[in-house]
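So, here's a batch of structures to check.
There are two complexes below, and they share chain A, which is joined by chain B in the first and by chain C in the second.
What follows is the complex of A and B.
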(Lines of atoms letter the chains of each structure in order from A and count residues from 1; the text may use other names and numbers.)
(Lines give C-alpha, C1' and ligand atoms only; values in the text may rest on other atoms or scores of the structure.)
Protein backbone atom coordinates (compact mmCIF):
# COMPACT_ATOMS: atom_id res chain seq x y z
CA UNK A 1 0.00 0.00 0.00
CA UNK A 2 1.52 3.33 -1.04
CA UNK A 3 1.72 6.40 1.18
CA UNK A 4 -0.89 8.06 -1.06
CA UNK A 5 -3.29 5.19 -0.38
CA UNK A 6 -2.71 5.67 3.33
CA UNK A 7 -4.04 9.23 3.30
CA UNK A 8 -7.58 8.76 4.44
CA UNK A 9 -10.15 11.50 4.71
CA UNK A 10 -12.71 9.35 6.48
CA UNK A 11 -10.86 8.44 9.63
CA UNK A 12 -11.17 10.26 12.94
CA UNK A 13 -8.71 10.36 15.80
CA UNK A 14 -8.53 11.52 19.40
CA UNK A 15 -5.20 12.62 20.89
CA UNK A 16 -5.20 12.30 24.66
CA UNK A 17 -2.20 13.93 26.35
CA UNK A 18 -1.67 16.47 29.13
CA UNK A 19 1.22 18.11 27.25
CA UNK A 20 0.09 20.90 24.90
CA UNK A 21 3.26 20.33 22.88
CA UNK A 22 2.58 16.63 22.34
CA UNK A 23 -1.09 17.27 21.53
CA UNK A 24 -0.04 19.78 18.86
CA UNK A 25 2.66 17.48 17.48
CA UNK A 26 0.52 14.36 17.24
CA UNK A 27 -2.48 16.30 15.95
CA UNK A 28 -0.35 17.61 13.08
CA UNK A 29 1.09 14.15 12.36
CA UNK A 30 -2.41 12.72 11.99
CA UNK A 31 -3.80 15.64 10.01
CA UNK A 32 -0.99 15.18 7.50
CA UNK A 33 -2.53 11.82 6.69
CA UNK A 34 -5.98 13.29 6.30
CA UNK A 35 -7.48 12.31 9.64
CA UNK A 36 -9.94 14.56 11.43
CA UNK A 37 -8.48 15.09 14.89
CA UNK A 38 -9.78 16.14 18.29
CA UNK A 39 -7.70 16.51 21.44
CA UNK A 40 -8.29 15.85 25.14
CA UNK A 41 -6.11 16.93 28.07
CA UNK A 42 -6.55 13.84 30.21
CA UNK A 43 -8.18 10.45 30.40
CA UNK A 44 -11.35 11.73 32.04
CA UNK A 45 -11.99 14.22 29.22
CA UNK A 46 -11.51 11.39 26.73
CA UNK A 47 -13.99 9.12 28.53
CA UNK A 48 -16.48 12.01 28.83
CA UNK A 49 -16.30 12.58 25.05
CA UNK A 50 -17.33 8.98 24.46
CA UNK A 51 -20.07 9.19 27.11
CA UNK A 52 -21.45 12.20 25.19
CA UNK A 53 -21.69 10.09 22.07
CA UNK A 54 -18.43 10.90 20.28
CA UNK A 55 -16.58 8.13 18.52
CA UNK A 56 -13.18 7.88 16.90
CA UNK A 57 -11.44 5.28 14.78
CA UNK A 58 -8.13 5.86 16.55
CA UNK A 59 -7.19 7.05 20.04
CA UNK A 60 -3.63 8.03 20.90
CA UNK A 61 -3.44 7.66 24.67
CA UNK A 62 -0.69 9.05 26.87
CA UNK A 63 -0.02 7.09 30.06
CA UNK A 64 0.94 9.69 32.66
CA UNK A 65 -1.83 12.28 32.98
CA UNK A 66 -3.50 14.05 35.89
CA UNK A 67 -7.08 13.29 37.00
CA UNK A 68 -7.30 10.03 35.04
CA UNK A 69 -4.24 8.37 33.55
CA UNK A 70 -4.07 6.50 30.27
CA UNK A 71 -4.37 3.00 31.71
CA UNK A 72 -7.46 3.87 33.72
CA UNK A 73 -9.05 5.68 30.76
CA UNK A 74 -8.33 2.74 28.47
CA UNK A 75 -9.90 0.26 30.91
CA UNK A 76 -12.94 2.51 31.27
CA UNK A 77 -13.37 2.84 27.50
CA UNK A 78 -13.16 -0.93 27.01
CA UNK A 79 -15.71 -1.50 29.79
CA UNK A 80 -17.97 0.97 27.98
CA UNK A 81 -17.67 -1.22 24.88
CA UNK A 82 -15.45 1.11 22.87
CA UNK A 83 -13.83 -0.87 20.05
CA UNK A 84 -11.70 1.96 18.61
CA UNK A 85 -8.03 1.25 18.08
CA UNK A 86 -6.38 2.54 21.24
CA UNK A 87 -2.66 3.15 20.95
CA UNK A 88 -0.56 3.96 23.98
CA UNK A 89 2.04 6.66 23.42
CA UNK A 90 4.36 6.87 26.34
CA UNK A 91 7.84 7.74 27.46
CA UNK A 92 7.79 4.93 30.02
CA UNK A 93 10.98 2.93 29.80
CA UNK A 94 10.06 0.13 32.18
CA UNK A 95 8.98 -3.04 30.37
CA UNK A 96 6.80 -3.92 33.33
CA UNK A 97 4.98 -0.56 33.20
CA UNK A 98 4.50 -0.84 29.43
CA UNK A 99 3.12 -4.33 29.80
CA UNK A 100 0.68 -3.12 32.47
CA UNK A 101 -0.42 -0.35 30.11
CA UNK A 102 -0.94 -2.84 27.25
CA UNK A 103 -3.00 -5.06 29.55
CA UNK A 104 -5.35 -2.14 30.23
CA UNK A 105 -6.70 -2.76 26.71
CA UNK A 106 -4.34 -1.18 24.21
CA UNK A 107 -3.96 -2.43 20.68
CA UNK A 108 -0.40 -1.10 20.41
CA UNK A 109 2.07 0.93 22.42
CA UNK A 110 4.72 3.26 21.03
CA UNK A 111 7.41 5.44 22.52
CA UNK A 112 6.90 9.20 22.36
CA UNK A 113 7.03 11.00 20.10
CA UNK A 114 5.29 9.23 17.26
CA UNK A 115 7.00 9.22 13.90
CA UNK A 116 5.55 9.16 10.41
CA UNK A 117 6.46 5.47 10.20
CA UNK A 118 4.38 4.76 13.32
CA UNK A 119 1.40 6.62 11.83
CA UNK A 120 1.69 4.74 8.52
CA UNK A 121 1.77 1.44 10.41
CA UNK A 122 -1.34 2.40 12.41
CA UNK A 123 -3.26 3.51 9.34
CA UNK A 124 -2.42 0.24 7.61
CA UNK A 125 -3.69 -1.63 10.66
CA UNK A 126 -6.87 0.47 10.64
CA UNK A 127 -7.42 -0.22 6.96
CA UNK A 128 -6.92 -3.94 7.54
CA UNK A 129 -9.36 -3.82 10.45
CA UNK A 130 -11.97 -2.02 8.34
CA UNK A 131 -11.54 -4.52 5.51
CA UNK A 132 -12.06 -7.45 7.90
CA UNK A 133 -15.21 -5.87 9.31
CA UNK A 134 -16.73 -5.19 5.85
CA UNK B 1 22.77 26.95 -2.77
CA UNK B 2 20.36 29.81 -2.04
CA UNK B 3 21.58 33.09 -3.52
CA UNK B 4 19.78 35.16 -0.89
CA UNK B 5 22.47 35.93 1.74
CA UNK B 6 20.07 35.88 4.67
CA UNK B 7 18.58 32.57 3.60
CA UNK B 8 22.13 31.23 3.20
CA UNK B 9 22.91 32.42 6.71
CA UNK B 10 19.76 30.68 7.93
CA UNK B 11 20.77 27.43 6.24
CA UNK B 12 24.26 27.64 7.76
CA UNK B 13 22.80 28.35 11.19
CA UNK B 14 20.48 25.38 10.85
CA UNK B 15 23.27 23.05 9.72
CA UNK B 16 25.50 24.08 12.60
CA UNK B 17 22.76 23.17 15.10
CA UNK B 18 22.99 19.60 13.79
CA UNK B 19 26.76 19.54 13.31
CA UNK B 20 27.37 20.74 16.87
CA UNK B 21 24.97 18.13 18.23
CA UNK B 22 22.32 20.47 19.59
CA UNK B 23 19.60 18.94 17.42
CA UNK B 24 18.92 15.47 16.06
CA UNK B 25 16.67 13.93 13.41
CA UNK B 26 13.52 14.48 15.45
CA UNK B 27 13.80 18.21 14.61
CA UNK B 28 13.64 17.28 10.95
CA UNK B 29 10.42 15.34 11.63
CA UNK B 30 8.98 18.61 12.98
CA UNK B 31 10.13 20.52 9.92
CA UNK B 32 8.50 17.96 7.64
CA UNK B 33 5.18 18.55 9.36
CA UNK B 34 5.32 22.29 8.65
CA UNK B 35 3.46 23.46 5.57
CA UNK B 36 1.90 26.55 4.02
CA UNK B 37 -1.21 26.15 6.16
CA UNK B 38 0.96 25.99 9.29
CA UNK B 39 4.04 28.05 8.39
CA UNK B 40 5.18 28.57 12.00
CA UNK B 41 4.51 25.06 13.24
CA UNK B 42 8.09 24.27 14.27
CA UNK B 43 8.50 27.52 16.17
CA UNK B 44 5.11 27.00 17.88
CA UNK B 45 6.06 23.50 19.02
CA UNK B 46 9.47 24.65 20.23
CA UNK B 47 7.86 27.55 22.10
CA UNK B 48 5.51 25.11 23.84
CA UNK B 49 8.52 22.93 24.70
CA UNK B 50 10.37 25.80 26.38
CA UNK B 51 7.22 26.75 28.27
CA UNK B 52 6.60 23.16 29.51
CA UNK B 53 10.22 22.46 30.27
CA UNK B 54 10.80 25.67 32.25
CA UNK B 55 8.24 24.41 34.75
CA UNK B 56 9.96 21.02 34.98
CA UNK B 57 13.36 22.63 35.50
CA UNK B 58 11.91 24.67 38.35
CA UNK B 59 10.45 21.52 39.90
CA UNK B 60 13.81 19.77 39.66
CA UNK B 61 15.57 22.80 41.11
CA UNK B 62 13.20 22.83 44.10
CA UNK B 63 13.58 19.11 44.62
CA UNK B 64 17.39 19.42 44.53
CA UNK B 65 18.07 22.62 46.41
CA UNK B 66 15.05 23.48 48.51
CA UNK B 67 15.08 20.55 50.83
CA UNK B 68 15.13 22.04 54.22
CA UNK B 69 12.30 21.96 56.70
CA UNK B 70 12.27 24.28 59.67
CA UNK B 71 12.30 22.74 63.10
CA UNK B 72 11.97 24.72 66.21
CA UNK B 73 13.95 23.79 69.24
CA UNK B 74 13.17 25.53 72.44
CA UNK B 75 15.87 25.66 74.97
CA UNK B 76 15.08 26.87 78.36
CA UNK B 77 18.00 28.01 80.40
CA UNK B 78 17.74 28.81 84.02
CA UNK B 79 20.66 30.75 85.32
CA UNK B 80 20.78 32.52 88.67
CA UNK B 81 17.16 33.58 88.80
CA UNK B 82 17.20 34.46 85.25
CA UNK B 83 15.49 32.55 82.72
CA UNK B 84 16.93 32.61 79.42
CA UNK B 85 14.90 31.30 76.67
CA UNK B 86 16.88 30.46 73.72
CA UNK B 87 14.97 29.85 70.65
CA UNK B 88 16.86 27.98 68.08
CA UNK B 89 15.65 27.36 64.63
CA UNK B 90 17.31 24.47 63.04
CA UNK B 91 16.84 23.69 59.46
CA UNK B 92 16.75 19.99 59.01
CA UNK B 93 17.92 18.64 55.75
CA UNK B 94 15.39 16.33 54.11
CA UNK B 95 16.84 13.38 52.26
CA UNK B 96 16.90 13.64 48.50
CA UNK B 97 13.87 12.09 46.87
CA UNK B 98 15.66 10.41 43.98
CA UNK B 99 12.49 8.78 42.74
CA UNK B 100 10.77 12.16 42.48
CA UNK B 101 13.82 13.70 40.82
CA UNK B 102 13.97 10.83 38.34
CA UNK B 103 10.27 11.24 37.61
CA UNK B 104 10.66 14.95 36.81
CA UNK B 105 13.71 14.32 34.66
CA UNK B 106 11.94 11.49 32.85
CA UNK B 107 9.22 13.94 31.80
CA UNK B 108 11.80 16.55 30.86
CA UNK B 109 13.76 14.05 28.77
CA UNK B 110 10.59 12.96 26.97
CA UNK B 111 9.73 16.55 26.05
CA UNK B 112 13.28 17.28 24.95
CA UNK B 113 13.31 14.18 22.72
CA UNK B 114 10.14 15.40 21.03
CA UNK B 115 11.85 18.44 19.56
CA UNK B 116 15.19 16.74 18.90
CA UNK B 117 17.07 18.52 21.70
CA UNK B 118 20.00 16.11 21.53
CA UNK B 119 22.52 17.51 24.03
CA UNK B 120 19.80 18.35 26.55
CA UNK B 121 18.49 14.79 26.21
CA UNK B 122 22.00 13.39 26.83
CA UNK B 123 22.41 15.43 30.03
CA UNK B 124 18.96 14.25 31.16
CA UNK B 125 20.07 10.64 30.71
CA UNK B 126 23.19 11.26 32.80
CA UNK B 127 21.14 12.92 35.54
CA UNK B 128 18.82 9.90 35.65
CA UNK B 129 21.80 7.56 36.00
CA UNK B 130 22.92 9.55 39.02
CA UNK B 131 19.38 9.36 40.45
CA UNK B 132 19.38 5.58 40.07
CA UNK B 133 22.69 5.32 41.87
CA UNK B 134 21.46 7.82 44.53
CA UNK B 135 24.41 10.10 43.80
CA UNK B 136 23.29 13.55 45.00
CA UNK B 137 26.48 15.36 44.00
CA UNK B 138 26.35 13.77 40.58
CA UNK B 139 22.75 14.92 40.20
CA UNK B 140 23.68 18.48 41.10
CA UNK B 141 26.62 18.54 38.68
CA UNK B 142 24.56 17.02 35.88
CA UNK B 143 21.73 19.48 36.53
CA UNK B 144 24.10 22.46 36.28
CA UNK B 145 25.42 21.16 32.97
CA UNK B 146 21.91 20.45 31.73
CA UNK B 147 20.82 24.00 32.50
CA UNK B 148 23.80 25.33 30.53
CA UNK B 149 22.95 23.19 27.51
CA UNK B 150 19.28 24.11 27.78
CA UNK B 151 20.06 27.84 27.95
CA UNK B 152 22.43 27.57 24.98
CA UNK B 153 19.87 25.68 22.92
CA UNK B 154 17.17 28.19 23.76
CA UNK B 155 19.40 31.11 22.74
CA UNK B 156 20.40 29.46 19.47
CA UNK B 157 16.86 28.47 18.53
CA UNK B 158 15.49 31.92 19.38
CA UNK B 159 18.10 33.48 17.08
CA UNK B 160 17.33 30.91 14.38
CA UNK B 161 13.58 31.55 14.45
CA UNK B 162 14.07 35.30 14.56
CA UNK B 163 16.08 35.06 11.34
CA UNK B 164 13.61 32.58 9.84
CA UNK B 165 10.76 35.05 10.39
CA UNK B 166 12.67 37.60 8.34
CA UNK B 167 13.33 35.27 5.45
CA UNK B 168 10.47 32.79 5.48
CA UNK B 169 11.16 29.07 6.07
CA UNK B 170 13.70 27.06 4.10
CA UNK B 171 12.04 25.31 1.19
CA UNK B 172 12.94 21.77 2.10
CA UNK B 173 13.78 20.04 5.33
CA UNK B 174 17.04 18.29 4.62
CA UNK B 175 18.81 15.61 6.61
CA UNK B 176 22.01 16.80 8.25
CA UNK B 177 25.17 15.95 6.27
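What follows is the complex of A and C.
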Protein backbone atom coordinates (compact mmCIF):
# COMPACT_ATOMS: atom_id res chain seq x y z
CA UNK A 1 0.00 0.00 0.00
CA UNK A 2 1.58 3.29 -1.08
CA UNK A 3 1.76 6.37 1.16
CA UNK A 4 -0.74 8.03 -1.14
CA UNK A 5 -3.14 5.10 -0.82
CA UNK A 6 -2.78 5.24 2.94
CA UNK A 7 -3.93 8.88 3.14
CA UNK A 8 -6.42 8.87 0.24
CA UNK A 9 -8.88 6.49 1.85
CA UNK A 10 -12.62 6.82 2.42
CA UNK A 11 -12.46 5.24 5.80
CA UNK A 12 -14.43 6.22 8.87
CA UNK A 13 -13.48 5.66 12.48
CA UNK A 14 -15.06 5.88 15.91
CA UNK A 15 -12.85 6.67 18.90
CA UNK A 16 -14.35 5.40 22.16
CA UNK A 17 -12.59 6.65 25.29
CA UNK A 18 -13.70 8.38 28.48
CA UNK A 19 -10.61 10.64 28.49
CA UNK A 20 -11.14 13.86 26.48
CA UNK A 21 -7.38 14.11 25.99
CA UNK A 22 -7.10 10.58 24.56
CA UNK A 23 -10.13 11.16 22.30
CA UNK A 24 -8.49 14.33 20.99
CA UNK A 25 -5.13 12.63 20.42
CA UNK A 26 -6.58 9.62 18.63
CA UNK A 27 -8.92 11.80 16.58
CA UNK A 28 -6.06 13.99 15.35
CA UNK A 29 -3.87 10.97 14.70
CA UNK A 30 -6.51 9.24 12.57
CA UNK A 31 -7.39 12.46 10.72
CA UNK A 32 -3.72 12.85 9.84
CA UNK A 33 -4.10 9.58 7.93
CA UNK A 34 -7.19 10.82 6.13
CA UNK A 35 -9.91 9.08 8.13
CA UNK A 36 -13.20 10.75 9.01
CA UNK A 37 -13.54 10.49 12.75
CA UNK A 38 -16.30 10.60 15.35
CA UNK A 39 -15.86 10.18 19.09
CA UNK A 40 -17.84 8.60 21.92
CA UNK A 41 -17.07 8.94 25.62
CA UNK A 42 -18.09 5.47 26.74
CA UNK A 43 -19.16 2.07 25.47
CA UNK A 44 -22.87 2.77 25.79
CA UNK A 45 -22.62 5.88 23.58
CA UNK A 46 -20.76 3.81 21.00
CA UNK A 47 -23.43 1.09 21.02
CA UNK A 48 -26.18 3.73 20.80
CA UNK A 49 -24.52 5.24 17.72
CA UNK A 50 -24.72 1.89 15.96
CA UNK A 51 -28.31 1.34 17.11
CA UNK A 52 -29.14 4.69 15.46
CA UNK A 53 -27.77 3.45 12.18
CA UNK A 54 -24.21 4.79 12.24
CA UNK A 55 -21.44 2.63 10.88
CA UNK A 56 -17.69 2.88 10.89
CA UNK A 57 -14.89 0.93 9.25
CA UNK A 58 -12.76 1.14 12.40
CA UNK A 59 -13.53 1.43 16.12
CA UNK A 60 -10.79 2.29 18.59
CA UNK A 61 -12.07 1.00 21.93
CA UNK A 62 -10.70 1.85 25.36
CA UNK A 63 -11.20 -0.83 28.00
CA UNK A 64 -11.84 1.03 31.25
CA UNK A 65 -14.80 3.38 30.87
CA UNK A 66 -17.78 4.27 33.07
CA UNK A 67 -21.35 3.14 32.32
CA UNK A 68 -20.25 0.49 29.81
CA UNK A 69 -16.63 -0.60 29.48
CA UNK A 70 -14.86 -1.57 26.28
CA UNK A 71 -15.30 -5.32 26.69
CA UNK A 72 -19.06 -5.04 27.27
CA UNK A 73 -19.44 -2.63 24.37
CA UNK A 74 -17.46 -4.91 22.06
CA UNK A 75 -19.57 -7.96 23.01
CA UNK A 76 -22.75 -5.96 22.48
CA UNK A 77 -21.62 -4.70 19.06
CA UNK A 78 -20.73 -8.21 17.92
CA UNK A 79 -24.10 -9.53 19.14
CA UNK A 80 -25.72 -6.75 17.09
CA UNK A 81 -23.87 -8.09 14.04
CA UNK A 82 -21.36 -5.24 13.73
CA UNK A 83 -18.48 -6.38 11.52
CA UNK A 84 -16.36 -3.23 11.81
CA UNK A 85 -12.74 -3.71 12.77
CA UNK A 86 -12.73 -3.21 16.56
CA UNK A 87 -9.32 -2.45 18.03
CA UNK A 88 -8.69 -2.25 21.74
CA UNK A 89 -6.36 0.56 22.86
CA UNK A 90 -5.58 0.12 26.52
CA UNK A 91 -3.11 0.83 29.30
CA UNK A 92 -3.65 -2.63 30.76
CA UNK A 93 -0.39 -4.46 31.48
CA UNK A 94 -1.80 -7.83 32.51
CA UNK A 95 -1.75 -10.46 29.77
CA UNK A 96 -4.88 -12.03 31.29
CA UNK A 97 -6.80 -8.75 31.24
CA UNK A 98 -5.79 -8.09 27.64
CA UNK A 99 -6.69 -11.64 26.63
CA UNK A 100 -10.12 -11.22 28.22
CA UNK A 101 -10.55 -7.97 26.28
CA UNK A 102 -9.56 -9.72 23.02
CA UNK A 103 -12.03 -12.52 23.74
CA UNK A 104 -14.83 -9.95 23.91
CA UNK A 105 -14.54 -9.73 20.12
CA UNK A 106 -11.62 -7.47 19.26
CA UNK A 107 -9.68 -7.83 16.05
CA UNK A 108 -6.52 -6.40 17.59
CA UNK A 109 -5.37 -4.86 20.86
CA UNK A 110 -2.68 -2.22 21.22
CA UNK A 111 -1.10 -0.57 24.23
CA UNK A 112 -1.65 3.15 24.72
CA UNK A 113 -0.51 5.41 23.25
CA UNK A 114 -1.39 4.55 19.67
CA UNK A 115 1.51 5.04 17.24
CA UNK A 116 1.67 5.85 13.54
CA UNK A 117 2.97 2.32 12.97
CA UNK A 118 -0.18 0.92 14.63
CA UNK A 119 -2.40 3.06 12.38
CA UNK A 120 -0.53 2.11 9.20
CA UNK A 121 -0.89 -1.55 10.18
CA UNK A 122 -4.64 -1.08 10.74
CA UNK A 123 -5.10 0.71 7.42
CA UNK A 124 -3.34 -2.13 5.63
CA UNK A 125 -5.56 -4.64 7.44
CA UNK A 126 -8.65 -2.64 6.45
CA UNK A 127 -7.43 -2.51 2.86
CA UNK A 128 -6.94 -6.29 2.85
CA UNK A 129 -10.38 -6.77 4.38
CA UNK A 130 -12.00 -4.58 1.71
CA UNK A 131 -10.20 -6.49 -1.06
CA UNK A 132 -11.44 -9.82 0.33
CA UNK A 133 -15.03 -8.57 0.52
CA UNK A 134 -15.01 -7.22 -3.07
CA UNK B 1 13.14 35.93 12.68
CA UNK B 2 11.66 35.84 16.18
CA UNK B 3 9.40 32.87 15.39
CA UNK B 4 12.25 30.71 14.10
CA UNK B 5 14.43 31.47 17.10
CA UNK B 6 11.59 30.57 19.47
CA UNK B 7 11.01 27.31 17.60
CA UNK B 8 14.67 26.40 17.88
CA UNK B 9 14.64 27.20 21.59
CA UNK B 10 11.63 24.95 22.00
CA UNK B 11 13.32 22.10 20.11
CA UNK B 12 16.42 22.50 22.25
CA UNK B 13 14.36 22.44 25.43
CA UNK B 14 12.44 19.33 24.35
CA UNK B 15 15.75 17.60 23.59
CA UNK B 16 16.97 18.47 27.09
CA UNK B 17 13.82 16.91 28.55
CA UNK B 18 14.50 13.79 26.47
CA UNK B 19 18.08 13.69 27.75
CA UNK B 20 16.84 13.96 31.34
CA UNK B 21 14.32 11.17 30.78
CA UNK B 22 11.33 13.33 31.63
CA UNK B 23 9.82 13.05 28.13
CA UNK B 24 9.99 10.20 25.66
CA UNK B 25 9.33 10.01 21.92
CA UNK B 26 5.54 9.91 22.42
CA UNK B 27 5.70 13.63 23.18
CA UNK B 28 7.28 14.23 19.76
CA UNK B 29 4.45 12.26 18.13
CA UNK B 30 1.89 14.45 19.90
CA UNK B 31 3.71 17.60 18.80
CA UNK B 32 3.87 16.31 15.23
CA UNK B 33 0.06 16.09 15.13
CA UNK B 34 -0.15 19.90 15.34
CA UNK B 35 -0.80 21.60 12.01
CA UNK B 36 -1.84 24.96 10.58
CA UNK B 37 -5.51 24.12 11.06
CA UNK B 38 -4.89 23.40 14.75
CA UNK B 39 -2.00 25.68 15.77
CA UNK B 40 -2.91 25.45 19.47
CA UNK B 41 -3.29 21.67 19.52
CA UNK B 42 -0.22 21.04 21.70
CA UNK B 43 -1.26 23.72 24.19
CA UNK B 44 -4.76 22.21 24.37
CA UNK B 45 -3.41 18.72 24.98
CA UNK B 46 -1.06 19.94 27.70
CA UNK B 47 -3.94 21.78 29.42
CA UNK B 48 -6.18 18.72 29.20
CA UNK B 49 -3.46 16.50 30.59
CA UNK B 50 -2.79 18.80 33.55
CA UNK B 51 -6.49 19.07 34.35
CA UNK B 52 -7.02 15.29 34.23
CA UNK B 53 -3.82 14.53 36.12
CA UNK B 54 -4.56 16.87 38.98
CA UNK B 55 -8.09 15.56 39.37
CA UNK B 56 -6.83 11.97 39.25
CA UNK B 57 -4.08 12.59 41.80
CA UNK B 58 -6.57 14.30 44.14
CA UNK B 59 -8.89 11.26 43.91
CA UNK B 60 -5.98 8.88 44.58
CA UNK B 61 -4.85 10.88 47.60
CA UNK B 62 -8.34 10.73 49.11
CA UNK B 63 -8.80 7.04 48.37
CA UNK B 64 -5.41 5.95 49.70
CA UNK B 65 -5.80 7.99 52.88
CA UNK B 66 -9.12 6.32 53.68
CA UNK B 67 -9.32 3.95 56.64
CA UNK B 68 -10.42 1.16 54.30
CA UNK B 69 -8.91 1.49 50.86
CA UNK B 70 -11.04 0.67 47.83
CA UNK B 71 -8.21 -0.77 45.75
CA UNK B 72 -10.48 -1.34 42.74
CA UNK B 73 -11.16 2.40 42.54
CA UNK B 74 -7.49 3.19 43.09
CA UNK B 75 -6.60 0.90 40.20
CA UNK B 76 -9.16 2.62 38.00
CA UNK B 77 -7.68 6.09 38.62
CA UNK B 78 -4.09 4.85 38.36
CA UNK B 79 -4.94 3.18 35.09
CA UNK B 80 -6.28 6.46 33.68
CA UNK B 81 -3.22 8.41 34.84
CA UNK B 82 -0.92 5.82 33.31
CA UNK B 83 -2.72 6.10 29.99
CA UNK B 84 -2.68 9.88 29.87
CA UNK B 85 0.89 10.30 31.12
CA UNK B 86 2.30 7.74 28.70
CA UNK B 87 0.31 9.29 25.84
CA UNK B 88 1.92 12.69 26.40
CA UNK B 89 5.39 11.17 26.80
CA UNK B 90 5.63 11.36 30.59
CA UNK B 91 7.50 8.07 30.83
CA UNK B 92 8.62 8.37 34.46
CA UNK B 93 5.17 9.29 35.69
CA UNK B 94 3.70 6.36 33.74
CA UNK B 95 6.22 4.02 35.36
CA UNK B 96 5.27 5.31 38.82
CA UNK B 97 1.61 4.59 37.99
CA UNK B 98 2.48 1.06 36.97
CA UNK B 99 4.27 0.54 40.29
CA UNK B 100 1.21 1.75 42.22
CA UNK B 101 -0.90 -0.73 40.24
CA UNK B 102 1.37 -3.59 41.36
CA UNK B 103 1.14 -2.43 44.98
CA UNK B 104 -2.67 -2.39 44.62
CA UNK B 105 -2.60 -5.96 43.32
CA UNK B 106 -0.86 -6.85 46.61
CA UNK B 107 -3.33 -4.65 48.56
CA UNK B 108 -0.32 -2.95 50.17
CA UNK B 109 -1.63 0.41 51.39
CA UNK B 110 1.67 1.63 52.82
CA UNK B 111 3.54 0.85 49.63
CA UNK B 112 0.81 2.56 47.62
CA UNK B 113 1.18 5.70 49.74
CA UNK B 114 4.96 5.73 49.26
CA UNK B 115 4.59 5.28 45.53
CA UNK B 116 1.89 7.94 45.38
CA UNK B 117 4.39 10.47 46.73
CA UNK B 118 6.90 9.36 44.10
CA UNK B 119 4.26 9.69 41.41
CA UNK B 120 3.42 13.20 42.60
CA UNK B 121 7.10 14.15 42.36
CA UNK B 122 7.26 12.79 38.83
CA UNK B 123 4.08 14.65 37.95
CA UNK B 124 5.50 17.90 39.35
CA UNK B 125 8.65 17.50 37.24
CA UNK B 126 6.57 16.70 34.16
CA UNK B 127 4.18 19.56 34.84
CA UNK B 128 7.04 22.04 35.17
CA UNK B 129 8.45 20.84 31.87
CA UNK B 130 5.09 20.98 30.10
CA UNK B 131 4.37 24.45 31.49
CA UNK B 132 7.60 25.75 29.98
CA UNK B 133 6.74 24.10 26.67
CA UNK B 134 3.22 25.56 26.85
CA UNK B 135 4.55 29.09 27.33
CA UNK B 136 7.09 28.71 24.53
CA UNK B 137 4.38 27.36 22.24
CA UNK B 138 2.12 30.26 23.15
CA UNK B 139 4.85 32.75 22.26
CA UNK B 140 5.36 31.01 18.91
CA UNK B 141 1.64 31.02 18.15
CA UNK B 142 1.35 34.71 19.03
CA UNK B 143 4.41 35.57 16.93
CA UNK B 144 2.98 33.65 13.95
CA UNK B 145 -0.43 35.28 14.33
CA UNK B 146 1.20 38.74 14.49
CA UNK B 147 3.25 37.98 11.38
CA UNK B 148 0.17 36.82 9.45
CA UNK B 149 -1.73 39.97 10.38
CA UNK B 150 1.01 42.28 9.09
CA UNK B 151 0.34 43.65 5.60
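Convention: the second predicted complex is superposed on the first by the 132 of 134 C-alpha atoms of A that agree within 3 Å, B and C clash if a C-alpha of one lies under 4 Å from a C-alpha of the other, contacts with A are read in each partner's own complex, and residues count from 1 in each chain.
Quick note on the criterion: a residue touches a chain if its C-beta (ideal position, glycine included) is under 8 Å from a C-beta of that chain, and two chains touch if they have at least 3 such contacts.
Quick caveat: nothing in here was measured; it's all calculated off a predicted structure.
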Looking at A:51, would you say it contacts chain B, chain C, both, or neither? Reply first, second, both or neither. neither
Does chain B (first) or chain C (second) touch A:112, or do both, or does neither? both
Going by the contact rule set out at the top, does A:21 touch chain B (first), chain C (second), both, or neither? both
Max touched-residue count on chain A (chain B vs chain C) belongs to chain C
Does chain B (first) or chain C (second) touch A:91, or do both, or does neither? both
With the touch criterion stated at the top, can you tell me which chain A residues are shared between the chain B interface and the chain C interface? 19-22, 24-25, 28-29, 32, 64, 91, 93, 112-113, 115-116
Could you pull out which chain A residues touch chain B in their complex? 19-22, 24-25, 28-29, 32, 64, 91, 93, 112-113, 115-116
In their shared complex, chain A is touched by residues of chain B numbered 26, 29-30, 32-33, 38, 41, 44-45, 48-49, 51-52, 106-107, 109-111, 113-115
Inside the complex, what are the residues of chain C that reach chain A? 26, 29-30, 33, 35, 38, 41, 44-45, 48-49, 52, 76, 79-80, 82-84, 86-88, 98, 101
List of chain A residues in touch with chain C within their complex: 18-22, 24-25, 28-29, 32, 62, 64, 90-93, 112-113, 115-116
